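Letters A, B, C and D mark the chains as written, and numbering starts fresh at 1 in each.
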Amino acid sequence: MDDIRIKKLTDKDYHADILIEGLPGVGQVGKLVAEHMIEELGAEKIAEITSIFFPPQVLIDETGVARLSCNEIYVVSKDDLSIAFLVGDVQSGSPEGHYLLADAYLDVAEELGVKRIYTLGGYGTGHLQDEIQVLGAVNNSDLRETAETAGVIFSHDEPGGGIIGASGLLLSLGAERGIEGMCLMGETSGYIVDPKSAHAVLGILNVLTGLDIDDTKLEERAVEMEGIVEKIRELENAKADEELSYIG
Amino acid sequence: MDDIRIKKLTDKDYHADILIEGLPGVGQVGKLVAEHMIEELGAEKIAEITSIFFPPQVLIDETGVARLSCNEIYVVSKDDLSIAFLVGDVQSGSPEGHYLLADAYLDVAEELGVKRIYTLGGYGTGHLQDEIQVLGAVNNSDLRETAETAGVIFSHDEPGGGIIGASGLLLSLGAERGIEGMCLMGETSGYIVDPKSAHAVLGILNVLTGLDIDDTKLEERAVEMEGIVEKIRELENAKADEELSYIG
Amino acid sequence: MDDIRIKKLTDKDYHADILIEGLPGVGQVGKLVAEHMIEELGAEKIAEITSIFFPPQVLIDETGVARLSCNEIYVVSKDDLSIAFLVGDVQSGSPEGHYLLADAYLDVAEELGVKRIYTLGGYGTGHLQDEIQVLGAVNNSDLRETAETAGVIFSHDEPGGGIIGASGLLLSLGAERGIEGMCLMGETSGYIVDPKSAHAVLGILNVLTGLDIDDTKLEERAVEMEGIVEKIRELENAKADEELSYIG
Amino acid sequence: MDDIRIKKLTDKDYHADILIEGLPGVGQVGKLVAEHMIEELGAEKIAEITSIFFPPQVLIDETGVARLSCNEIYVVSKDDLSIAFLVGDVQSGSPEGHYLLADAYLDVAEELGVKRIYTLGGYGTGHLQDEIQVLGAVNNSDLRETAETAGVIFSHDEPGGGIIGASGLLLSLGAERGIEGMCLMGETSGYIVDPKSAHAVLGILNVLTGLDIDDTKLEERAVEMEGIVEKIRELENAKADEELSYIG
């Protein structure tokens, strides 16, 4: 059993100019944005990545079928731009796994001919806020002006702790392979799944890529997601009440 | 020293149509069911599995003899059905170990010619309950109807966190090898060893396999086990009192 | 750099009938006994074992010279019995390391021709006690009578959690190589370095090996060790007072 | 991807008589001293070391460019002495990594022809103090007199817990390669970045190496660093106040 397994779902050759990474992270901001784009653009899943560095856990889909925790590669073309996405369930549970997985993701990117990577994430501020800035980092100083023109904020002090996981490693390990990289971090409290922050990041990404992706559904999905969370809480409360009635 | 060692206890060739996994887990539900079946059917132990991924600990049997923490394979035939069991002391202590061990268990299953795996476990609800449902997951949508007909519940929302460890990985890694798999999870509080939940799981398994295994002893053993727990508590209290008398 | 390095300090060939293991553990009981025996018998150090599985730490001797955390093999002959000792600073920090190190220790034992291993340790009871029993475990049921005749107690219920680390693994992995093994565990509170428990274990070992090792120095050394602990506490208190005087 | 990657920034051959290690640690004492020396002497960076054993994190420089957490080798010659420095962002997160990285650092040292290593660190005392002693350890008893003559204190009892990480391992693993080594530990409270302790260590190092490095800037940089810490605290307080004003 290989430590990292990349299962191609098709024999066709694909090309992608850019890779957009939206793996799980603070506020699920990157995940929300990338999955929204995949749905809006109708991107096609071409590969699944599983690894012994992922949590030893299977997920159950709504029909009751179990599947390994996995990450996925999607591709789509719109106008003149071909785009790959890296999304999925998990990140590594160990430092070693983080590095080796980022390296494997870059193998995929290189094979697709990717020239630029956008890594998406949330930047936890610890408090709710009305206006959401999108902070940035690049792997090449030439990119900074491009980013700032699109509205990305570069702050002297933030993120002070650097960028942890795939969003950071793809940038720096990508630079070693000559792939440009930019990380977009939407400010978020860090306490909840944050579609509002995702909305801000998508806005910047629309400018940077020239894509004009509608965000109506992103907001709807966000509302829906909050609805689900609410429903779970209600169920839990109902169960708790039930239990109390046994006792009382 | 190999990372995972499978020690065959016999040179004979064995065959098994199905594999039933009952390794330690929530409420020891799977363990209770599988060990009960082994005893009732008089299954034969054919292999022992040890691993550097297991806790570095030996167990002492009642005669004072130490043995490595290990998992075991049993086989038995009844009527037209040949059955293998995977039971034992431990699961892996690391994510990597979980994946590699599940892979090794499947090597054994494949060698035995296993066509379907039942993985057994408990589903922690956090509260005591009168009626115990058996929740299910499958690795192949065709199996769901079979399961539901036998009384397995498929819930949209549960288990929300997926299935951790061997019970989940055997399903999904098994599917890659063309082995059907179904996980049966008896609801349990999660606080105690739960023979009542085991009883419910065994009932479903009797229907699914056509085996008609008596569960009188399972309940007896459960009562006995609770007696042991009680005795240990008494001993601890007695010791505590003794200590107090030194002080007082 | 090898994961485990065994550095032989001499080219001579050595033989040992028995191996006595006294690595760090509960109450440092095994360590106290084995180091006492080494000193009393004037055993010779023949090998040092270092490993990347040990804590990444060097120890400073009283002359200020740093040395790697390491374990050591000593040998000595007395009357007709040749004895090897496994003592040292550390045990592994990971499950994998525990198994691989035990395997390496057994390579050494086999090379020396060891036929029986005594592993020594403390059995934490959580309370101080006047009479100290020595509990036992064996890797071969034939050994139990020998042990009981020497005064070792075999308890149905204890040690309930099994034996963790080298003391347990040497028994069970040793059995696979045809080496007899017995673990002697002196009852100890588990809170302090416990020479009283070591004294009890040494008594049993004297009977089992036919060695007649004086234990006067073991008690002296124990008293000395408690003196050192006391001195450290006084120094700490003195420093704390000094600090207070800055503030006050 | 190699577990440890040493990227040489130049094809030139370099030589160094001594290596000075100042990786992150207690009070950042070693880091402060080594980085100060690099700046004062105008040392040249010749290699970067990255590793899967480092935290999976990129750091963002003040221009917004991300780079991998990495350690660095600098070289410089002054008078008749050629000096290499090992400085950087991180140490290993696992025991195994610590050993393997120290081994890799020593490969670099050996290639440079290093004959003596000075490892620098802080010795946490847990309290603020007026006079700062520099404690020492050596990997060769011949070195002790040299060290004491320069003002290094060798204490019977300290450091009781040994030396953790690169500062310790470079000494002991270096000794195996015939490289002399001395660890200099400035007393420090352990609570803050401590330029005062760094100043004391630099003083000793000036004596030991015959270098006469000015320490004005070290103090200035220390004051500056404390200023930054203060500024961050103020910003945090300001943000907290702002948040309160939303609520109030």
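Everything that follows uses one rule, which is that contacts are C-beta pairs under 8 Å (C-beta built on N, C-alpha and C of every residue); 3 or more make two chains touch, one makes a residue touch a chain.
Computed from a predicted structure; not experimentally measured.
Fewest steps needed to get from subunit A to subunit D, stepping only to touching chains, is 1. At the interface between subunit A and subunit B, two copies of one sequence, fewer than half of the residue numbers in use are shared by both copies.
In the Cα superposition of subunit B onto subunit C, the rotation angle, rounded to steps of 5, is 90 degrees. Chain centres here are Cα averages; for subunit A and subunit B they lie 36 Å apart. Averaged C-alpha coordinates give centres for subunit B and subunit D that are 51 Å from one another. By the definition given earlier, chain contacts exist for A-B, A-D, B-C, C-D.
In the complex of the two chains, the subunit C residues touching subunit D come out as 1, 3, 52-60, 62-69, 93-94, 232, 235, 239, 243, 246.
Put simply, subunit A touches subunit D in their complex at residues 92, 95-96, 98-100, 102-103, 127, 136-141, 144, 147, 154, 156-157, 159, 161-165, 168-169, 171-173, 181, 183.
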